[in-house]
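Sharing a structure here in structure tokens format.
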Amino acid sequence: MTENMSCYVLCDPNKCTGCKACELACFAEHNKENNDVAYTVGTVTIPVTPKLYLTKTEKYCMPVQCKHCEDAPCLNACKKHAIYRDENKQVIVDQSKCIGCKDCVMACPFGAISILPVSDNGAVLLQKDKECVKAASKCDLCTGIEGGPACVRVCPNEALRLVDLNEEQLAKSIATANSLYDSRLS
Amino acid sequence: MMRVVEIDKNICTGCRECAKVCPAYAIEGEQGQPQTINVDKCVMCGQCVQKCKSYVSIVSHGYEAYEKVKKERGIPDSVTEPLFAAHNVTHIEEVKKALADPTKVVMASAAPAVRTGLAEEFGYKLGTLSDGKMAAAFRALGFDYIYDVNFAADLTIMEEGSELIERVTTGKGKLPMFTSCCPAWVTFCERNYPELTDHLSSCKSPQQMQGAVQKTFGAEINGLKKKDIFNVSVMPCTCKEYECSREEMKASGERDIDVVITTRELAWLIKDAGIDFKKLKDEKYDNPLGDFTGAAEIFGVTGGVMEAALRTGYELITKKSIPAVEIPAVRGGEGFRSADIKVGDLTLRVGVVSGLKHVVQVMEDLKAGKMKDYHFIEVMTCPVGCVSGGGQPKLLMDTDKELAYKNRTGITYKMDESLPQRKSHDNPSIKKIYKDYLKAPLGEKSHHLLHTHYVKGRAKTIND
Amino acid sequence: MTMGVHEIEDAKLIFNFGYNGADSHPIVQRRIVRAKQKGATIICADPRVTECARIADVHMQLKGGTNIALVNAMCNVVYNEGLVDQKFIDEKTVDYDAFVEVIKKYTPEYAETICHVPAETIRKAARMYAKAPSAMILYGMGVCQFGQAVDVVKALGSLALMTGNYGKPASGIGPVRGQNNVQGACDMGALPNNYPGYQNVTKPEIQEKFEKAWGVKLSNKVGVPLTHVPQRVLEEKDPKKQLHAYYIFGEDPVQSDPDAEEVREALEKLDFVVVQDIFMNKTAEFADVILPGTSWNEHDGVYSCCDRGFQRIRKVLEPPKGVKLDWEIICEISTAMGYKMKYKNTEEIWNELIDLCPNFAGATYAKLEKYGNIQWPCRSKDDSDKGTVVLHQGKFANPDGKGKFYTADWRPPQELENEEYPLSLSTVREVGHYSVRTMTGNCRTLRNLEDEPGWIQMNPADCEKLGIKHGDLVKVVNKRGWCITRCNATERVAKGATYMTYQWWIGCCNELTIGSNLDPVSNTPEYKYCNCRVEKLDDQAKAWEYVNTEYKSIRERMGIKMVGKEAV
Amino acid sequence: MRQFVKGNPDLCIGCRTCMIGCVVEHEGRRIFEIDPDGYDFNPKLHVVKTAKVSVPVQCKHCENPACMAACPVGCIKVINDAVVIDQKECIGCKSCMQACPFGVIDVISQVGTSQSDGSKRVVANKCDLCVGTGNGPACVRVCPTEALKLVSEEAMQESVQKKRVATAEAAKAIADAMAD
């Protein structure tokens, strides 16, 4: 049996319309506590910094987000140990440790990471030289947020899905076994 | 041409989620390509503005794009919230200019639904009432008179109720009569059912009544010249900006409403002035044009105009007190519902349309002669009435929509319950204005100031 | 080289054997990198993890001194697995059967015991090489600087023969020669057995041709190879055969030849030594006469690239006052010795040369100017003859037109590791410093990158055993001599093996190398293998003092001006 | 995002031309003309060779530079979007060197300077992207194998965008496979 695997959100580009509701919801959910983002747009005082990124090709589109790789190149590339694996095997960026070196961005084969400004208390954090603090921003599967991944919840087209391969593999293997059983007579 | 609702081509991702909510099928474009609004179809309801999530992003548009877009749209620097592809054109700078102009007497008046949403923009729970805080905010912003469109809502009931009674009892005028306070609906009707515009009540919307009264009666009682008065209307609606610019809306001789801003823009104005909304103490509206009843407040929700009209209509017809002020039969959500209401010997068959898409079947039935039993039909373009209007605070997550509508509606009815007068004709200031100025509903002055006519087939352009 | 250097970029497969382009010729390595980027397969045979090994698809990290066993084993795989180009062998080659007899013994398993390369890796490399649509072999000093060197070259040539890798683009075999214009020196006849253009001194018709052209009597005897000089000075008893005078031109044998002690002895004993060079060097310290020469950018001329390409070089700087051009010096000496040699310019010399060398005849200055680079053979002065990129097209350049198979049994290096000297020592190159340090040691930026006393590359495990750390000064010693250098602990070298570059005056590894094991054909010494011992130096401060004092004293002796920090 | 120079170990041959290019760019042509020991030879990048890689390492020009945050005298500044050490103000405290997780800051002694006790000034040294020269990073220009690239914000975004498109294409394939 394979290792217990981390979960991730996967989009079905056949359903995605590219509305960015996922990006906005992601931002809203992650900034309720520290940046006083409430229900409405008017409560936002900082730049929208999502953790997944709508990507358009000529024919279709979808948000790209972290796969929570089992041997995560971003985690391996991070010299500051600002990327860690939590108890649920999710790959998480500790933005307070990130120095914005961009190694993880280069390492990630999916383009799931962007370097974006960091805000606290409703304002963008500034460094000594008044430049804004920036950190790697990527999907954390809404760890610690009630209701699970916000992107999945808000998608108007149900294009996003939380993938738990552990369960799916099991279901698939049972289905395969059943079909073998069914076909044993023929 | 006047621009009311627009889609910014540079920001639109072409998701066409807006097209799904557009009741007028006005949004055109290929999937995945920037969309355009067909102005010949658009009713300016702003539901696309509410729906759009395609924001100006530092990731896809860069760091400078946000400030650039803000500047292009004439949004104050102080605004920090995300900006989206679909947006309504703001007139906030005109309001700021008027407030800063010492020669102008600036009068504020806000629609009933505004006070159910405004607080959300300051971090309050969905559907927190901010009636008193809003009055205080207007005062802090430097408005000279803090009036209220709710006053005109009561006035509307007087006029529209009387008109209904007249149509029902004398046979003068077409039945069923349709409400005319929703400008998006009126525009839709003029465009698509020109032959049926006679069914519309000739009453102006509360906003326009309020404007006309402020610049005439209001000028008189306050010793002002109407040309010095600058009327600012705050609306949960994007179409109201268009409504106030219609040629017919100059009963006072001037433009009756000078500028309309939305609930969201009022929040910008408050933030721009550095007012700490949370710290504001409740204040009162100015008399007499700021007095209102519970009947006026429920204009903000679907079925509210109907319910308010019935409360007054019942008593005007029967000369008796209505047995139950609340009429749950006309309350509800999106769609079309009808009810038979006993008014003395009369049974009024009424209908309520919530969501403009649902009006099409009604109108087709009307054309087919299937609506003969109906006396009065209320039409609201937005899903659950003005509380869900295109100018209301925009939700970051549409999963909160249901809760927002429920709470805003709930607080509207709660406010109605809490008010001393709940029937428009009980409003003392209404009584006073008829006594001192208008004389009687449907009278000559009313006809001039408070009623309008419709342009059949107002079709081709918004600002013809 | 049977190919052009520029063809490397287009190779489908490069078999890089004992050649470290990144350190020796970065510009060639660039072509290898580009080939890789363009999808070429790279096989590298090298005892160290060189830059080429690092990007190779297969790296055979063989033990030093086992080259031919590895090549034979690869041939064995190609033969046994039927990967040969039989048509090519039948039509274009000779001596195949004798060759097969030798390689039969060299199964990969057998070779593994000699080379320490896993049999499977040998098989994999052999299959890759044989199955490639075209394959190119590049080799360097890792092949040539052994007592058994020419055998390996022939064996590599045979590997290319049995797979038909000749006469087509981006194939063949290429010695990427060590020094710039070393090919030119050979082309020009600076070899003991040849006139210019590889025309043998023992052939009467050649002798006659040159006698006629120059108007003098010429000898038909083969001269003394460079590496035989010490022996001919020190050990030759017959005074007529003994060497008495030595004219050294652009060489620093004290630094570059093996067994430096022996070279110094020979120079001491010689009656008369002339050194012609651009800067002082260790050999010049023994000179009776020093003739200051001009550097590469102070004169005109022609260089030959390792791929037989002639290129014009042009003067960009005026030489210092009083310094004569090299060819002017030669003319004057010749004239003084009784042969009136006189030229107006280098073109005149060149024209004389190409008229005497059929293979160069077409490479006129005008054409070099026009085409930039002409690879010989270029036999016609006609504009259409632009030289020859690929050799051996259609038939081989041998008299019978056939490619000749040859290989030999493996012979171990002469001096192996033993209890007293448990490590092997090989000389290598480092990028930035060229051969001896006469030129690059005087280039300030290069000296800033690396300077005395150099480094000895060692496996970290060996360092740990000896208790030495990276950067420590150590003493390297064997029975011939010793030197002091710094320890470079690196995973890139195998346990038991050490490597040093031979330009350093203090960290001078040629104090230790062997002068006596020469390849019987090329007379090249076994620079790549001798034994040694590395000793830890407990008093590092004292060792540094020795290094600094020694360096200062050498520079003082050579008259190099002391300035800045060193002057203090 | 700030630009930075990135070395590619697949292309690097370890020749260190970049290091010389760096010094020549910062010291100017005078280094070929003056006393060989009268100039600083302090490359702002270093070629690292291990068993697996050869590649120059240099400052990443982090968005939130740990070195800048650690500098007690504020001599690490952002100039033209490059993180630059003002060596005139540096006190040689080595805090930045410790804070930098990449080991790309050196502490070097400056020729021709002296402290009150006569010893040479020792200051921090690292890649400044050759700001102010107008030529762009010298290391990139001189590399014979084009192993060094200046990664601009645009290039970075382009590369991320490419990867995102590829990810979307893969997701489409998964969705199509699951729909079958």
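Each chain carries a letter (A, B, C and D) given by its place in the written order, and its residues are counted from 1.
Here is the rule we go by: a contact is a pair of C-beta atoms (placed from the backbone, for glycine too) under 8 Å apart; a residue touches a chain by one contact, two chains touch by 3 or more.
Predicted, not measured: the structure shown is a model, and the values here were computed from it.
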So which chain ends up in the middle if you average the CA atoms? D
From the mean C-alpha coordinate of chain A to that of chain D, what's the distance rounded to whole Å? 31
Using the average of all C-alpha atoms in each chain as its centre, how far is it in Å between chain A and chain B? 40
For the pair chain C and chain D, the C-alpha centroid-to-centroid distance in angstrom is 36
Cα centroid separation between chain A and chain C, in whole Å? 57
Out of chain B, which residues touch more than one other chain, so two or more? none
In chain A, the residues touching two or more other chains are 53, 60-61, 114
Based on the touch definition given at the start, go ahead and assign the chain network to line, ring, star, complete or other. line
When you check every pair of chains, which ones turn out to touch? A-B, A-D, C-D
Any idea which chain C residues touch chain D in the complex? 21-23, 26-27, 29-30, 33-34, 36-37, 49, 51, 54-55, 431-432, 444-449, 490-492, 563-566
Touching residues on chain A, where the partner in the complex is chain D: 10-15, 53, 55, 57, 60-62, 64, 79-80, 98-103, 105-106, 108-115, 127-129, 131, 133-135
Within the complex, which stretch of chain D touches chain C? 9-17, 19-20, 23-24, 31-32, 35-38, 41, 49-54, 111, 144-145
Chain D residues touching chain A - in the complex, by the definition given at the top: 1, 4, 6, 60, 62-66, 68-69, 74, 77-78, 101-102, 151, 156, 159-169, 171-172, 174-176, 178-179
Going by the contact rule at the top, pick out the chain B residues touching chain A in the complex. 13-17, 20, 31-32, 52-55, 57-60, 66, 80-82, 120-126, 264, 267-268, 393-400, 404
